[in-house]
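Letters A, B, C and D mark the chains as written, and numbering starts fresh at 1 in each.
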Amino acid sequence: MTQPEPALRLRAITKRFGALLANDAISLDLAKGEILALLGENGAGKTTLMNILFGHYLADSGSIEVFGKPLTAASPRAAIAAGLGMVHQHFTLAENLSVLENVLIGTEPLWLPRLGRAKARARLLALGRRFGLEVNPDAAVAALSVGERQRVEILKALYRDARILILDEPTAVLTPQESEALFSTLRTMVGDGLSVIFISHKLNEVAAVSSRVAVLRGGKLVAERPTAGMNRAALAELMVGRPVADPVRRPLPPGPPALALRAITVNGPGIRAPLRDVSLTVHRHEIVGIAGVSGNGQATLAALISGLVAPTSGQFRLFGQEPARHRPTQMITLGVGRIPEDRHAEGLVGDLAIWENLIAEQYRDKAFQRAGFVKRKAARAHARALIADFDVRCSSPDATTRLLSGGNMQKLILGRTLTRDPGLILANQPNRGLDIGAVAFVHDRLLRAREKGAAIVLISEDLDEILALSDRIAVIHAGRLSPPVARESVTIGQLGVMMAGDGPQEAGHAA
Amino acid sequence: MDLLDLLLSAGLWATVLRIATPLIFGTLGELLCERAGVLNLGIEGIMTLGALVGWLSVYQGCDLWTGVMLAACAGMAAGLLQGLLTVPLGLSQHVTGIGVTLLCTSLSYYVYRLALPQTTTPPSIAPFAPFGDGALADLPVIGGVLAQQTPLTMVALCAVVAIAWLLYRTPLGLAIRMVGENPAAADAQGISVTAVRMGAVMAGSALMAVGGAFLTLSAFNAFFFNMIGGRGWICIALVVFASWRPGKALFGALLFALFDALQTRLQQGGDSGIPYQVYLMAPYVLSIVALVVMSRRAAYPQALMIPFRKGER
Amino acid sequence: MRLERRESVPAWASVAAPLAAVAAALILCALLVAASGAPVLKAFATLFTGGFGSRFAIGETLTRATPLILTGLAAAVAFRAKLWNIGAEGQLYLGALAAVALGSGPLALPAWALLPVVMLGAALAGGLALLGPALLKTRFGVDEVVTTLLLNFIVLLFVSMMLEGPMKDPMAMGWPQSAAMLPEAELPRLVARSRIHAGLLIAVALAGLVWLLKSRTIWGFEMRALGANPRAAAFAGVPVGKVVLRVALLSGGLAGLAGACEVAGRAGYLTLDMSPGYGYSGIVIAMLAQLNPLGVIAAAVMVAGVFVGADAMSRAVGVPNYIADVLVAVSLLCMLTAMLFTRYRLRRG
Amino acid sequence: ADPLKVAAVYTVPIEQQWVSRIHKALTAAKERGEIDYAYSESVANADYERVMREYAEKGNALVIGEVFGVEQAARRVAKDYPDTAFLMGSSFKPQAPNFSVFDNYIHEPSYLTGMIAGGMTKTAKIGLVGGYPIPEVNRLMNAFIAGAREVNPQASFTVSFIGSWFDPPKAKEAAFAMIERGVDVLYAERFGVSDAAKEKGVLAIGNVIDTQADYPQTVVASALWSMEPTIAKALEMVKAKTFKAEDYSVYSYMKHQGGALAPYGTFDDKIPADLKAKVEAKKQAILDGSFVVTVDDAEPKSSK
């Protein structure tokens, strides 16, 4: 039987970063009209491989053929011309420019005297209609929701007539509805003869949407097989190399209330998504999951509990008292543990040493300072203990934090937070972008904290996660919080409808 | 003369345009650099270099327009240096800018002294003449103002339109704005961030140098040490004041020039008991006040001062 | 070709880089010297003896390095916290103005108390000068690069107004200069027939103190965290506004002290042309030192030595003395480039 | 004998009018083979002492310069090198044994140019554009104003300082502004003023140097400063080893040919004869001592 010509053929791609072998002689084919899922733990080398394919990195050795023709190495321009399109793990959009401008960039020879906006706008609208990716071409990207930005990224590739689309963790920040919309778009595209490479840590999605999976481990291609017949657990085992156990949540009777919000409103300048009349009580030994489409006030709720903003009106009681001041320091001393949404931007100071980040919330404590001087020995010892306890992979407490992988960064933050036995924990998207091993670790630690008596507010867009961990679940929409309901009494479908607010068609537009 | 008469006099507005011309060139040049993500603190030195090269080439026998072109080329060369240091090498833009200013300034003085070792009065050239009476002077209202201007002022005004067109209406302008906002995004679409930034810095520096040359070829006829006298630094402030928009940059330059022109006239209006320094301070103080008023609306190029190194996170 | 970050700085590179930079700078300047027809080799010989080769040369280099250390520290402190203070020149002049205002007679203080009061007053004046832009930054989000830059002009005009007005020395025959510092308010000279004064000791001591503050105290921790990632710092509970103001006072204060040391140690009174751009040079020095307070000392001595040596060279071989600034600028740019290559390597692709 | 080693330390470039006079006199002496001349220009305040010391160390017999602003330091250097002669532009007294002073005392010819300005103005409005109001500038402006008042008591004066020594475009704008106010004679203390006058067809009065060749239809008269008498005297004293601390100011006076009214040149027949006669009479009175031009260092102000 003669093999049909593959859309893409990678041969023995090898790439080193210093001592690290990020891609080790990887050979991989992509057939026309297939969706290939690329799996692997954090740092396995998936993004690196795709960056080589798209010309961002130059491979140390190996070759690439696209539709039978060799691809010029290290040139995004050549990759685009060959029909490749890439949606990057971190979006590559300019917030201050319009959607149209973001799409148009690089599509015209630079020396033309005109941009040709009118024609481009018409083409963009047509593409949007055809693939169900409608966005306003003249909106500034800053005003778009994450889902809409995702659409712009895909439109960018389609606008360039991409025949092969690479999506690096496209659903990490999407709601279930947005993900579903994305998948139906992908199916339309495959129907049109396009090919897709799809990277994700969400194994349910992988099982649902891909036709084949390829698995990387430590830079090597370790498995390649059809998806048909594989479920989440099988994929997980393929990826990690051993079975991954789901954390178990023991039923516990709720303890005394730790956090009580009564009719809280937060608004004012600088608040993007206000909170309106929010009431919520969270007890010790209890996890309350907050589900919702991003942009509906989660960030403000998190900022409120973190001490970054004060309520405009309403009553905020922590362990039975109203805090004197709404400041991060106040919350920390009162025993609130905070896991921020964005570990790079808010969680850690990348350029400081690991031990410095580990005392960042308590450097004023007697344990770590004397007369204004940092007790460096004590701080380092503290860091060493935490690193061991939380299994952070790093060379030493003095290593620069920036060089850690996302999973290890998250472990640092968990360690910093949980070591103080907080009575209330705010966990805002604690698993974004982590592989399933890391996710299991985080879940396990959160559940242990719950058993020790912590009250946990878990904000997440991942309904699987919410359902797996929460005792009660509330849905946030347009700044209002639904009354929490027991986990057992809702289904994913019901939650999805609640998240969309009054009408399901609104999902994805609420920014 | 009361303020209203003053504001209605053609002389005042002619002065405003003349004072504003080097500022317009400098501000547009800086704006171009900053839109591409490079803060070019070399401006003061590059203007000095332009002033020298323009003047010296005319003094050596070139015609005036050749002098302007050579000044622009010298500016481009300085821009090439500033660009190489900040774009592919990604060095701190503050310190390279100050270094380039020091280098261009001292090099200009050195070259001037080598070329003219024994002068006791500064040698001069025949500069651009004002348009004078002619078609322009017959225009209603602005005729009297324009007649007193020289061709380079017209070039400056045209440059405002040209830069605005470039930035907002052409693919190149979009590329410039994109590398200033999100270089990774431009890079991902096959645009060479290095080339676009280098080009913007060089073109911007050429404009700055022409602004300097205006001082020696139009506003005056000789080269002086210290002649730029902080005009370059003013342009840096004007770019922020203008929120990185060419039209507003023109407005800002005219406003600053208006303060300056009024300041001269008020100072001459008799002894008011106010020290003359207060008048000289006014444009700077008002610039800061203006910045405070408009600060909330200023939208920085997001990648300003952030070097882009391909493949580094 | 692209730059790739090295995992660690190889030892040979940290030695070779400055040498390569100096060599490159010298070659470039040799072309300029040769262009004037002067003997290049003799020029280089006098360059070194003029900067470091005699008691006089070393004295002059250290004298010039004194204010540079202080303005270098001012920039290093501010830049570390990402407060882009380009206004050290103005802060220096305000510090000097405060120093002469306090040190020229109005205070009835015992001799031992006068000098500390003068120095503190100068530091406070410099600090307050930066506090304004810092407040505008934290309250209104106004870009401090621009405000501090513009303030330089305003301060200079203000000093000019003072020196031609209320603070004009009546004994100065109408010249716009301040009254002279009282002898008790002057910094003692350290070496006979040389200009080295106690300001050098102050500057070196402060470099040590700033290093200690930066790397060992919780204030330093707050400053570094804020500079590296303001959002994360705020999230962790660093009082961002307070820290910015503290940094402003410290940075401006150091620049103000530079001015005070110049009037109290070298000039004796204040004139409008006292500083040949020490405030701007401070930025250069801070970056050469990679914002390390102890490195600032070395960078300041180097920059001062290059200038003093090149200036002497210009006289010895008869080239225009503007060559001194050219050489400083060229060596600065070469040095920065060389330092980059200790941290990065060139790689294909 | 070997030529005398002379060095000069200037705080500004040698094109600056004031310093150009010293530089010219010394260059002339050098060309005559009288001296060996080295100089440093644009020396910053902070560097001035070092450069002086370097020249003294190198065995220069005479060091010349201007020490406005670095008075203390310069005098300290002079004390450290008692065998070197120092001749410095300064507003202060000489310092024994080796520190002499001079200054541009050309208030006398300035008075005369003021008279011409007063006689030539048709609008009775005269403008003065200066750099900074320092004594060296003030005294000349005041003498000029006094001279103009003598001839034309109704004349009104507009005074403007541009706050810079080197900004001809700015000086030009200040002059333009004055011309708009009806001024028709300008006192050109700075470069740039005569250019404005030339462009607008009004008259200008020169200062320190004669620029009539460049502005034949504009510059009516100039008060000239000449450093040759001062330099000649100093060289003579140094050669004779009799140099001591003295005030050389008088060598800038008209009676020593240090100050002079420039020839009328192109304006010879445009200046009314009676005005010329008045000026001539005043000149004689100054020379024979029967008229003394007041030295007034106060900042001149615009007339109300």
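Throughout what follows, contacts are C-beta pairs under 8 Å (C-beta built on N, C-alpha and C of every residue); 3 or more make two chains touch, one makes a residue touch a chain.
The structure presented is a predicted model; accordingly, all values stated were derived computationally and were not measured.
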{"item": "Intersection of the contact lists for chain A and chain B", "value": "C"}
{"item": "Most distant chain from chain D, judged by the mean position of its C-alpha atoms", "value": "A"}
{"item": "Busiest interface, counted in C-beta pairs", "value": "B-C"}
{"item": "Distance between chain centroids, defined by C-alpha means - chain A, chain C (Å)", "value": "45"}
{"item": "Distance from chain D to chain A - Cα centre to Cα centre, in angstrom", "value": "75"}
{"item": "Centroid distance [mean C-alpha coordinates] between chain D and chain B, Å", "value": "35"}
{"item": "Chain centre separation (chain B, chain C; CA means) in Å", "value": "28"}
{"item": "Junction residues of chain D, two or more chains touched", "value": "42, 133, 163"}
{"item": "Shared-contact residues (touching 2 or more other chains) in chain A", "value": "57"}
{"item": "Numbers and ranges of chain C residues touching at least 2 other chains", "value": "157, 160, 164, 320, 322"}
{"item": "Overall pattern in which the protein chains touch one another (line/ring/star/complete/other)", "value": "other"}
{"item": "Full enumeration of touching chain pairs", "value": "A-B, A-C, B-C, B-D, C-D"}
{"item": "Chain B-touching residues of chain C, taken from the complex the two chains share", "value": "2-5, 32, 35-36, 79, 84, 86, 136, 140-143, 145-147, 149-154, 157-158, 160-161, 164-165, 280, 283-284, 287-288, 320, 322-326, 328-330, 332-333, 336-337, 340"}
{"item": "Residue ranges of chain B touching chain D (in the complex, touch as defined)", "value": "1, 9, 11-12, 14-15, 18-19, 109, 118-122, 124, 130, 215, 219-222, 224-227, 229, 260-261, 264-265, 267-271, 276-277, 280"}
{"item": "Residue ranges of chain C in contact with chain D within the complex", "value": "56, 60, 63-64, 157, 160, 164, 172-177, 180, 193, 195, 262, 266-269, 271-276, 278, 308, 311-312, 314-315, 318, 320-322"}
{"item": "Touch list for chain D against partner chain B, complex", "value": "12-15, 17, 20-21, 23-24, 27, 42, 127, 133, 158-161, 163-170, 172-174, 176-178, 180-181, 191-192, 195, 199, 209, 211, 214, 301-304"}
{"item": "Chain C partner contacts - residues on chain A that touch it in the complex", "value": "18-19, 57-58, 73-74, 306-308, 327-329, 332, 338, 340, 345-352, 356, 360-361, 363-364, 369, 372-374, 376"}
